[in-house]
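In the two assemblies presented below, chain A is common to both, partnered first by chain B and then by chain C.
Right after this comes the complex of A and B.
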């Protein structure tokens, strides 16, 4: 038996992407506002998770700081539009630059560390960010947050929520295409060489001419930029933000989404976000019927059970279930 | 006085000319290099020069510092003392990825193929040094990145063909035999188009027929203009294809000569080439008898 492994670049992947794009763009024709809001949440989480998948799944860097960059994007957009009267589009772009610059600085310092220590330090970043947001009241509004953040929609041809839906999902699919191109290229291969979690080696990478530190910082920055875009869209869509949403729990939830969805492919971000958000909605509906009290605690227990089940039975996440063959070793006879 | 000055000038001009000739023929120069790990001196004041187009074999007993020297050349270990020069450029002050971009590549003793990639992808990684598409270029799939990706694939397939593994391009490293993995590692290094190829125990774990095939391949690479520095325990095979042999023992250089000179030296032949390579303590013991 001649076992072979295909190159990741497959036309089928792009065909599926085209079909999914068409499906998502047609959803507003038959879905109500409630379901559209859930699908938007999935899109937001999928973008944040996709950045983490590039960082963790490709480059093997265990980061738990995505909520910080999501928050930086949201607060930058909110502050620039409400306090400095920038146009929302310009604010979104400036938020990317601000978050990217901060992430590059953090990455340069943090990524000199190795393995689990990186995740510990990035987890601490969440606490620092929360503290700063609550302390800098004049800038961030403290615990009250920021309200009256303008919508992204430049003209009122369609309802704001519909515009946000289409904008979010177009951005999500463009970032997915960008990520797939990246994974299947010189850059993606360079990232995988340093992934010591799945068969890479930093010394070998360096001897082959790969500037390991430069790539680590760049992919860390890229992951932060993804989160920043999601944060800006989130802030402009809701019209208000408050600090609670940007805590360490969000970073952990995004990491769980990445692990559950599958870190070998950017598609995993969509699967992980859809499963966990769908589960949250189900628990929201049924948990209060079965048992009294808030559903939050049951969500956490459910996330934990799902994470353990995935790690036990599907260590590569859900992605292999949607592929004929495992992502890292697509064998064919 | 004037005659004396003119004579001195002639001498200096002649010396400069000689030095230039030596410099132009030498590709790598190790000048009095040492490295210590705590109290242990792994390499102690070693100097030698590798000429362009030569095959140089470093031999010696276990713990002689052979692999350490390769790591020092690649920049994976810092020098405690001395200098390493490659193509008139000092190597010991620059990071490993920069050294690779100057034309130095290594095939590791344990190969270190990336197990998360196919053999073809592994060899494609070898092309990293001569390509430059970054995140934006590759993410947006711009024409430059597309053209480069095609070139990378062509180069990788041609190097796999050179080592006879094009049929196994899409396999994972774990599905290949040890000798095939060795050849894949070599193909990956060759994809970088190196001027100096470092081979760490290339014959290790190979059978006689595979060793013969690899030797032919190494000689072919030499004919193609690649300079080779290899570390090898199998002295017969190492001497067979080498133009220059350096013997190390306990971190010190014992000899640096042609294979013929090495073989004709009774002391070296007895202590370093006879069946197995002896350690320095055994050599001293033999010499004192």
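Right after this comes the complex of A and C.
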């Protein structure tokens, strides 16, 4: 019975996906550059968050290190193009391989631990990464960062920002389609079986013959690759990066987006990213007392209160509000 | 190597180690009783430092300023427990851990509202001058850092070892269900550890402010440094956290003496990774489980 439900759901999801894709591709026709920039930010955050949702929502591994892999992707792309003169698209692909390999190594070490300790250790990774970036000045430019990162677009048919917009959102939707497939695949079911957060367990999974460690490292690496892609696009889009962006705050913000959006479905990433970025914009406009720089006081307070409220009163996040079927039918026991 | 250099490394290593240990012990007390990783621990440090500096600038004597700040930080720990953790006591430990992240964000935002972007600093406690000893120079605040941390740690051990409340806390850490059965209120004990963790954070904040400047956003970096000490040593035992803090402090002090300045912290980090790959549960892990 669950099989048919899942298939029907999937078809409906693809229909929504197609509608949303058309909507997003047509947005530049009527939105100005300011709103396009915000929607691009949402896309970047959504891709990073989607990686985390696969890891937390499916496999139940609490990671707070997404900013590290976002940073690795951005720095790999920046260094390969500015110092070694690779083509941007090639740099993006190489960044995926670099970040993926590092993530697989880190995952192998960190995922031996269990439960919330993983969240603490991955949080520590943020500090290690920022110290590394600040010390390896020859490679990363230290606190000054890297400037003059070349643009993604190979030929200049349309404005660069428009090209980036389309490229980002096409990538985002491809990754979403891939994630939806993954959730409904053998791997997705294996991951949910070992998810302690939704009633599964690693012992249960092991008894069923699932290679728990292999799947955990795989999904950790996949989440890192998502972040790396977002990082590369970010670096090539802005043209310059600096170390302040890739810190613990970003990792935590991404986790908040995942929790607020809802971790049962990759759609939650888009919901969470859109909600928090929209809120940031609103607060930035209306609360002009202290607000300046990347995050103002009211934003921090709002993030904190929203996170606490969602955890207490909407533990599934916002995504169940948009789903017709109760969330349980998705996670057939 | 010159003896005075060795002495210098040793003194600054112990000093840094004490700071790391003080940051890490807050995690230990909360984790051992509640199994929650309190990611708002660094905010107590921030509040302790900022309040001490604020009261001092208003003309309050420095020791009194520090005591008030430590009390407020402890109170904040109590608020975190009563307002956030206790109502969610039936939810998973992961949820409770993320609740502390929300609390930390809110505190950081309020601190930004109150104090703005400015950095605050303090003179050495009682304006202790730098001490020259055996060819080594000791910054005037160092004896205060080491002394106060040692005092706090001794107090913690005495409390855990020799008072009824401390023994009840250890019982909760050992087996919450068993503790409940013999009539210990686990909720009350969990309130105590949050207050204790808040006060510990406040102490760390007050003693480090003369050494490093503090501002509204040092919370999460302090949280991470404390986690580092706790993980290197093993979060399940107080001795482990202190040992972890000392290892990190020594590594950082030696690196500071031998390497160009930009590599200090990396060296300590590499130690962490090495420890981690060999002993994933810390140097002094009491058992395999976490």
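FYI, the second predicted complex is superposed on the first by the 312 of 333 C-alpha atoms of A that agree within 3 Å, B and C clash if a C-alpha of one lies under 4 Å from a C-alpha of the other, contacts with A are read in each partner's own complex, and residues count from 1 in each chain.
Heads up, the rule we're going with is that contacts are C-beta pairs under 8 Å (C-beta built on N, C-alpha and C of every residue); 3 or more make two chains touch, one makes a residue touch a chain.
What you are looking at is a predicted structure, and each value in this text was computed from that prediction instead of being measured.
In this overlay on chain A, chain B fits alongside chain C without clashing.
Looking at the shared chain after the overlay, A:22 reaches neither chain B nor chain C. Once chain A of one complex is fitted onto chain A of the other, the partner contacts of A:12 are absent, as it touches neither chain B nor chain C.
In the overlay built on the shared chain, the residue A:204 is in contact with chain B alone; chain C does not reach it. Chain A has more of its residues touched by C than by the other of chain B and chain C. Of the two partner chains placed by superposition, only chain B is touched by A:185; chain C is not. When the shared chain is aligned, no partner comes close enough to touch A:155: not chain B, not chain C. By the touch criterion defined above, A:120 lies against chain C but remains apart from chain B after alignment on the C-alpha atoms of chain A.
Superposing the two structures on chain A brings chain B to within 13 Å of chain C, judged by their nearest Cα atoms. By the touch criterion stated above, chain A contacts chain B in their complex at residues 2-7, 178-179, 181-182, 185-190, 192-193, 195, 198-201, 203-212, 218-219, 222, 328-329. Taken together, the chain B residues at the contact with chain A in this complex read 74-76, 95-97, 100-101, 105-106, 108, 112, 114-118, 120-121, 124-129, 131, 133-135, 138-141, 145, 148-149, 152, 170-172, 175, 188, 192.
Against chain C, the residues of chain A that register as touching in their complex are 62, 109, 112-117, 119-121, 123-124, 126-128, 131-132, 134-135, 137, 142, 197, 247-249, 252, 255-256, 259, 290, 293, 296-308, 311-312, 315. Chain C contributes residues 35-37, 39, 84, 87-88, 91-95, 97-99, 101-110, 112-113, 116-117, 220-221, 223-225, 227-228, 230-231, 235, 262-263, 265-266, 269, 272-273, 276-277, 280-281, 289-290 to its touches with chain A in the complex.
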